[in-house]
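Both complexes shown next keep chain A, but they swap its partner, so chain B is in the first and chain C is in the second.
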Partner chain A sequence: MGYHLNFALIWRHFDKLWSGLILSLELAVVSIGIGCVIGLALAVAYVSGNRLVRGLIAAYVEVIRNVPLLLLVYLVFYGLPTVVDIAYSNTTSFVVTLSAYAGAYLVEVFRSGLDAVPRGLIDAGRSIGLTPGQRLLYVRLPTMLRIALPALSNTFVSLFKDTSVASVIAVPELTYGAQWINFNTFRIMEVYLVVTGLYLVTGYAILIGLRLLERRYAIGR
Partner chain B sequence: MPIGPPLLQIQNVQKSYGATQVLRGVDLRVAKGEVVTVIGPSGGGKTTLLRCVNFLESYDNGSIMIDGQEVGYRDVAARKRRSERDLARMRAETGMVFQLFNLFPHLSAAENIMLGLTKVRKLSRREARDKALHWLGRVGLTDKADRLPSELSGGQQQRVGIARAVAMEPKILLLDEITSALDPELVGEVLDVVLSLAAEGMTMLVVTHEIGFARDASHRIVFMAGGAVGADAPPREIFAADQPNERLRGFLGRFTAAHRL
Partner chain C sequence: MLGQIAYAFPFLLPGLWTTLEVSAITVAISTIVGALLGVGLVYGPAPLRWVVRAFSDIVRGIPILVLLFFVYYGLPITGLNLQPFAAAVLGLIVFKVAQVIENVRGAIGSIPRGQTDAAKAIGLPFPERLAYVIAPQALRRFLPPWLNGVTDAVKGSALISLLGVGDLMFGIQKVVGRTYEPLALYGFGAFLYFVINYALSLASRALERRFSYIRE
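So, the complex of A and B:
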């Protein structure tokens, strides 16, 4: 027990952590945004598609969900450029990977949400003469979003935490910043305590924000 | 008694779910301005018949015509279904009110009414809102225009449901057990709205368990059991002491017995 906590060095390099946190949030927001587009498009394709379409989407979802994110990051960043002639920065590579990863999880969230839209609401849409496209746009999707909101919040927070994986390919996000400070100051405990606090506070803030949104848009019974 | 060519003409309609035949050749006519009530035991095919009239359910055989147009098929003999777009256009001609209200939960009372007016009838938002407020006024809910369905009582929700259907100016209104899910003290306010519409000449096909309402409000009562029409007559004859249909007499007897409890 000869270890004395000393945070002074951490505060001196806090700008590394702060810019890391900002980048983590940016990675999360962009990947979640792209993931939502993928997830929504594929969920709609799934519920209105034939068996082939469903099979392909299910395969995508299962592959992504059963392979560790870390491995996907390696595959896209180190593996892909060796077989196809593309070059991209480590940040772009990670955004591509996390977006595809987010998409797979969000397909499931949106698809089960669409399934949970009460049949009677679709009947009501039909009975006033809405076409299938109008029913999707004005009845099924808005209802689905409200049903899916709690599951969506959890997925968003998970994806925010998953941005820490980007440190393995030297994307200068929060965890990478922590490693940098660790290697340069050897204040292991201090830096990881501070970073844990940052993830905790940010993740919790996101969750609270989304919970407020849920309450605002909750479907009363 | 209104006279005229039938606005709704159902001929020999049959429908099965797998091996179970739920409609066994139903014939029914509703003239313009007429209120026809369908009563009968649960599982007798009443709701299925109603849902066939706006093609929420398809029918396997027979024909359903509204104003001379076949509802679900562009070629009845060949059983060629109308396109979805065509079906949507046909469905806009019939209004439906549901047992469980089925209001769009994310839209206010006024917006529930406006959706069909703007997207199907292509009214401007302003015209649609005016019309929605007019009909909300008719059902006594002007002050609830901007409330979400979850903020309304069951009776209020159902009145919005009626306003949503009627605002589309349908040729015929289909009411599917619209008071069955309501607390008893809320039934009256909903039936009052229906009565006022009937008084204005709205054509209606009503499935109901409110026998008293059927007797007082309808021009004709149709008794359905086992997927077929067992009786089709004015209320006076249906309730006559010497009603020849034994099954109907039994049904009405059980009903009055249950009501005395």
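So, the complex of A and C:
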């Protein structure tokens, strides 16, 4: 093998990777935040709604979960502007897509968490005179969050990895930075080794952080 | 809009076929390799366990897109010159093997310890213990998540269009480039992927129900 690893060019352009990693994290945090709001709202609507509401939410979840993220990204970035008269940047477009995508996965996590809240707890809430709204706010949601925590951590890390797809619409996140260096320096092996390392370290740092939270708060089903 | 779709559909068929072909090859090979490595992870000697664990954790820790670029752009440097199709399939297989390993580990782990003890007590050696006691029970726990994971292979395969493989996604891109009807075509593409994956999800759920009588 006549290829010699040379990381000098990677370090020279490391700012591209670093700013890319920061943007990847920002995309993930914002989309997960919005996705959690969507997910929580729809999960509560699902467990307390009628058949029509349930059907609509199930349709949203199934459609998003069964279509490749890449296709959704193209659909929102290239497809939507042809019918909706709003101009948005590629970054905004990706955040919209990933939020909707995250929402669909998080509805499922929150919904199965709500299902797993023991019946006895809710009955206990009723017996001390809590209204249905108070039971939801003080009994079901806090318990659900603690039950859903392990599944939440996995979904969050998976969504962080999904930010790599933003590179296809030229959002300058980590994978885009990797490709830029790949095409401009041809230090291919080196750049993908470094980027793989960055994804691994960041992903596992997030996971370990969340696992520590779980150890403190998570309760078994 | 319907006219656009009717016009585009014949152009999408070869890509649709490629998507199905790539997914099928990926799933077939990764199931065999993943099952072997998964059994190695549970029963193998310590060094093998460490290697499989490291492999699985690393692969599951990086985005599929990065994995595909790594294989596609990186491998030629090592002297292994793969066609886009082969590189794409190899990348997807690596991703999927890690998933199957975890499916197998989970399935075997869910079989109560007493089953192994009972098999030992009646004098079954390891291969027979695995073949007649553990595997038949673990298979029922393995199949539903495995089948559900096939949708990940189909969805992940959309990314290989970025390596220039003529799959369904690539076909859609080509027609969009010609007709400039992005909404109709991406919508129709989403529908095609949905039909494939939803069928798989439904089958997975049916299997799960079918096997749900098994309790510990």
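Here is the rule we go by: the second predicted complex is superposed on the first by the 219 of 221 C-alpha atoms of A that agree within 3 Å, B and C clash if a C-alpha of one lies under 4 Å from a C-alpha of the other, contacts with A are read in each partner's own complex, and residues count from 1 in each chain.
Just so we're on the same page, a residue touches a chain if its C-beta (ideal position, glycine included) is under 8 Å from a C-beta of that chain, and two chains touch if they have at least 3 such contacts.
Since the model is a prediction, treat every value here as computed from it, not as a measurement.
Note on chain A: of its two partners chain C and chain B, the one contacting more of its residues is C.
In the superposed model, A:I128 makes contact with chain B only, not with chain C.
Shared-chain residue A:L80: touches chain C; no touch with chain B. When the two structures are aligned on the shared chain, A:Y138 is found in touch with chain B, with no touch to chain C.
In the superposition on chain A, contact is made by A:G120 with chain B only, not with chain C. In the superposition on chain A, A:R146 makes contact with chain B only, while chain C stays out of contact range. The touching residues of chain B, counted against chain A in their complex, run 54, 56, 84-85, 87-89, 91-96, 98, 100, 102-106, 115-116, 119-120, 148-151, 164-165, 168. The part of chain A that touches chain C in the complex is made up of residues 1, 3, 62-63, 65-72, 74-75, 78-80, 82-83, 161-165, 167-168, 175, 178-179, 182, 188-189, 192, 195-196, 199-200, 203-204. Residues 58, 61-66, 69-70, 73-74, 77-79, 151, 154-159, 161-162, 169, 172-173, 176, 182-183, 186-187, 189-190, 193-194, 197-198, 201 of chain C are the ones that touch chain A when the two sit in their complex. Chain A makes touch with chain B in their complex at residues 118, 120-121, 123-132, 134, 138-139, 142-143, 146, 217, 219-221.
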